[in-house]
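Report on the following structure.
All chains are identified by letter, namely A, B, C and D, in their written order; residue positions are counted from 1 within each chain.
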Amino acid sequence: MKGMTLIVKCISQLMAPSIFLLGVYVVLHGHLTPGGGFAGGVLIAGSFVLLILAFGSDEVRSQILNWNATAFESVGLFVFWFLAFWGLIRGTYYFTNVITKVNPGLPYHLFSAGIIPLCNLAIGIEVAAALFSIFICLAILKVGDRI
Amino acid sequence: MIVFVMAIVLFLIGLYGVLVKRNVFKILIALSIIEYSVNLLFALIGYRRGGTVPILTEGTKAGTFFVDPIPQALVLTAIVIGLGTTALLAAVAVRLYEKYDTYDVRKIRKLRG
Amino acid sequence: MNWLPLFVAVPLGIAFLTPVLAKLWKGFPDIVGNLATGFLCLLSLWYLRFGQTTSVYYVGGWEPLNGMPLGICMVLDGLTVLMLLVVNVIGFLSTLYSISYMEHYTDKGKYYTLFLLMTTGLNGIVISGDLFNIFVFFEITAISSYALVAFGVEAEELEASFKYQVLGGLASSFILLGIALFYHLTGTLNLADASKVLTGKSASPVLYFIGVLFFIGFGLKGAFMPFHAWLPDAHPSAPAPISAMLSGVMIKVLGVYAMCRVFFNVIGMTPVILTTLMVLGTVSMVLGVFLAVGQWDLKRLLAYHSISQMGYIVLGIGLGTPLGILGGLFHLMNHTVFKSLLFLNAGSLEFATGTRNLKRMGGLKDKMPITHFTTLIASFSIAGLPPFNGFWSKLLIVMACIQAGHPVYAVWAILGSLLTLASFMKVMRYAFGGEGKTVWEHVREVPSWMCLAMIVLVVLSTTMGLLLIPSLKAAVLDPAVRVLSDGLSYAANVLGG
Amino acid sequence: MLTILILLLVLMILGAIVALESKDLLSGVISLGICGFALTIVFLLVQAPDLAIVQIIVETLTLVILIAAILKTTHEDTTEAFGLRKLLVWGLGLVSIAVFLAVSIHVFSHLPKFGYPVLRIAQVYLDQGLPLTGAANIVAAIILDFRGYDTLGEATVLFTSVAGTVAVLRHIGRKRP
């Protein structure tokens, strides 16, 4: 895939970091404002997709093939799985919000709601990696590439 | 009630597409339309006249009432599931094109009836 | 009881780790995959002792508040225990078989990931007590099976997978539409709570409409007769262990189990639905076997037989009497065993000879003695010859038909059974009998892991008739029958206990 | 508000029809985009900002992926042909769709009206959600705490779909002896 014109490149260079930051913000504040792990994760993936669409995939092809998005996905999901399993280890129910029982935190503040922000973070990583891998699989890879 | 019926109309348009269209990508589009219609219907079901967004803030007054939050949570799940099915279907469609060199379902027919 | 979530959590965790482990060492997927399914198999055997009563597990510790179930709950009752046993035993034997069989395919790590996700989905459906949760696990199962059907990425397999995905996607949409209307009607998603809400109301047109939507959705997933178009393509195209899972387990969990749960336990069975089930069952039973007789592709023949045998199960359950339900559920277990065995045998033949076409085979009796023996037993079993397991369950269904005053259905059931026998005599004759062809000089028996899985299934299909001994029947089958025949007491059992 | 909602729904229906009937797959996919973005605004109107955010980004990414897939292959739809069989299909299709529509209109007249849902469990969530979970966003409280198990399933669906996509896109599936 070829890159686009200079104007597009400049604009997306400016836009991509802010979209990325917005994604991180949406992930971290999922329990207080609209949004959450999914919305934020898709935003983060979107910032990468924007850069690749603007600059073309030819330059980054080799890095994309080495950089393993699926591994990130596994890790993110495994963290989420572990947060769910934590309750069972602690002797309560599966998926128990074990942190609120000990330290409820102040409502309406960032550090509240126990494992919810942590889950959001894990989901954010997983969704970003998953969507990015779908994008590179369907849009960039050629016959015979391995991921 | 008219909005519910319009969501069903959208569902039926998608159903028509799946049953009648003979192009792999058109069928994919039709399945997406069905998915939108079900999400739409679900979101409409949760709406409450005069209700507000179910997010509390420190200044929330006692009298305010909210829309139903459960359908929103379910539709969120349904949207992501829809994305997953669409992605897999698109991957299979691309591979089918590679093998058969066409999107025409009538020509993609190596298996017997 | 407190370890019920392990049925979902263990395969899920291993599935997430497998892609990473597969990069470290190629042997890891085999080892962890088999350990996971073996553990689940043992766990499901251990859980047999909890099937007598209904117990509820509140995920997240959200116990009901003023009688309102807050979170998602898992429900363990007789039917659940039975289905868990079916899913996990066949799952374990399929992974054992895969160790050698999947050597013919590339990328075993992906295969085990998808297989474990499918097992997760099936277990999740079975233990869930929440409608939307069931839908989510439906989708996990469905998406992993779409990918597994296309795992060989040949043109035919992609075509079959596409057909399957379109009809499966349609089925999911119908089910989700049904769930939306169901939520609008009752205001809850918990099955037991919804049942409680519905008991107060008279049967409205809304409930019929929801019933029709669920019927179409589950019918498409379970390949009942008017909705069966995808099955004869999808099941033969998958790798053999996956065919065994799809035909042996998946259509039963997604079709029969889900339908029983929703119609018997929540909405409540009406004579109209029961008659529909019986008619559909009989039509599937007879037409499926007629279509099967003419097939020359071995796996395709078996796939048509799946439709036919599903007809027996649906007919038995559709009778609605305790004896009929007993026959249906027992046939469900038996069919799982012998149909998985038959698909594994077909896989062995394909593994050794490279073809599935019966006309090209022949004279393999001496070359592959173990496969010949296992196929013979499985054929007797599916055709309903005593003393193999298929005989007992078909006998129960025929007896139940006569007892309930429907002798016509009994005649059709016996006719179907005879045709099945004829079609499997053809298989034995063309695949194993006859002169040894020179092409098959180099053919040898399949590797030992594959033989082991097949022999275990042979032992099961020979001995499962013993489940009808009263003490074993009271432990395994009776609780499951009670769940369905006392249908609407589900709500009281779940909410009260 | 109801008028705007109905106008948006009409837009969605038109977008869907154009998406299905256009001769070019690229314009079909873009019309599907109209449908999806209109859905975003509907979500905002029915007070569901969480859904609107997810829908707009997912829609954009889906469009990018589908357009990339089309550009890699072909964008002409050459499957239209009129014949007797097609007339039959049309006739049967229209009849069954009319029946389905009539039945659903009848059914909706028996269900609660638009804007007046049955709040059973939802009322408990709205009243007790903050004290029980500590999350101010009740939707987040539901998807990650009350129904967190569903969300694990949903994340798994995405994982499954990526694993499946990667598996399906392998160049060689079977090893040749």
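The criterion applied here is as follows: contacts are C-beta pairs under 8 Å (C-beta built on N, C-alpha and C of every residue); 3 or more make two chains touch, one makes a residue touch a chain.
Predicted model only: the values in this text are computed from it and were never measured.
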{"item": "Pair of chains joined by more contacts [C-beta pairs], A-C or B-C", "value": "B-C"}
{"item": "Distance from the mean Cα position of chain C to that of chain B, given in whole angstrom", "value": "28"}
{"item": "Separation of chain A from chain C, taking each centre as the mean of its C-alpha atoms, in whole Å", "value": "36"}
{"item": "Inter-centroid spacing, chain B versus chain A (mean Cα positions, whole Å)", "value": "23"}
{"item": "Centre distance in Å when chain B and chain D are each reduced to the mean of their C-alpha atoms", "value": "2"}
{"item": "Touching two or more other chains - residues of chain A", "value": "32-34, 38, 70, 74, 77, 81, 84, 94-95, 97, 108, 127, 131, 134, 137-138, 143"}
{"item": "Contacts with two or more other chains, residues of chain C listed in rising order", "value": "12, 16, 19, 59-60, 132, 136, 139, 143, 146-147, 150, 153, 158, 161, 184, 189"}
{"item": "Chain D: positions in contact with at least two other chains", "value": "49-50, 54, 58, 61, 65, 69, 72, 104, 111, 117, 119, 121-122, 125, 130, 136-137, 139, 143, 145, 147-154, 156-166, 168-171"}
{"item": "Graph class of chain-chain contacts, one of line, ring, star, complete, other", "value": "complete"}
{"item": "List of chain A residues in touch with chain B within their complex", "value": "32-34, 38, 108, 127, 131, 134, 137-138, 143"}
{"item": "Chain C-facing residues of chain D, complex", "value": "103-104, 106-107, 110-112, 117-122, 124-125, 128, 145-150, 152-154, 156-157, 159-161, 163-168, 170-175, 177"}
{"item": "Complex interface listing, chain C residues touching chain D", "value": "12, 15-16, 19, 59-60, 62, 65-66, 68-72, 103-107, 110-111, 113-114, 117, 120, 124, 132-133, 136-137, 139-140, 143-144, 146-147, 150-154, 157-158, 161, 181, 184-190, 193, 197, 204-206, 209, 354"}
{"item": "Parts of chain B lying in touch with chain C, wherever the complex brings them together", "value": "11, 14-15, 18, 24, 27, 31, 34-35, 38, 41-42, 45, 70-71, 74, 77-78, 81, 84-85, 88-89, 92-93, 95-96, 99-100, 108-111"}
{"item": "Interfacial residue positions of chain A with respect to chain C in the complex", "value": "70-71, 74-75, 77-78, 81, 84-85, 87-88, 92-97"}
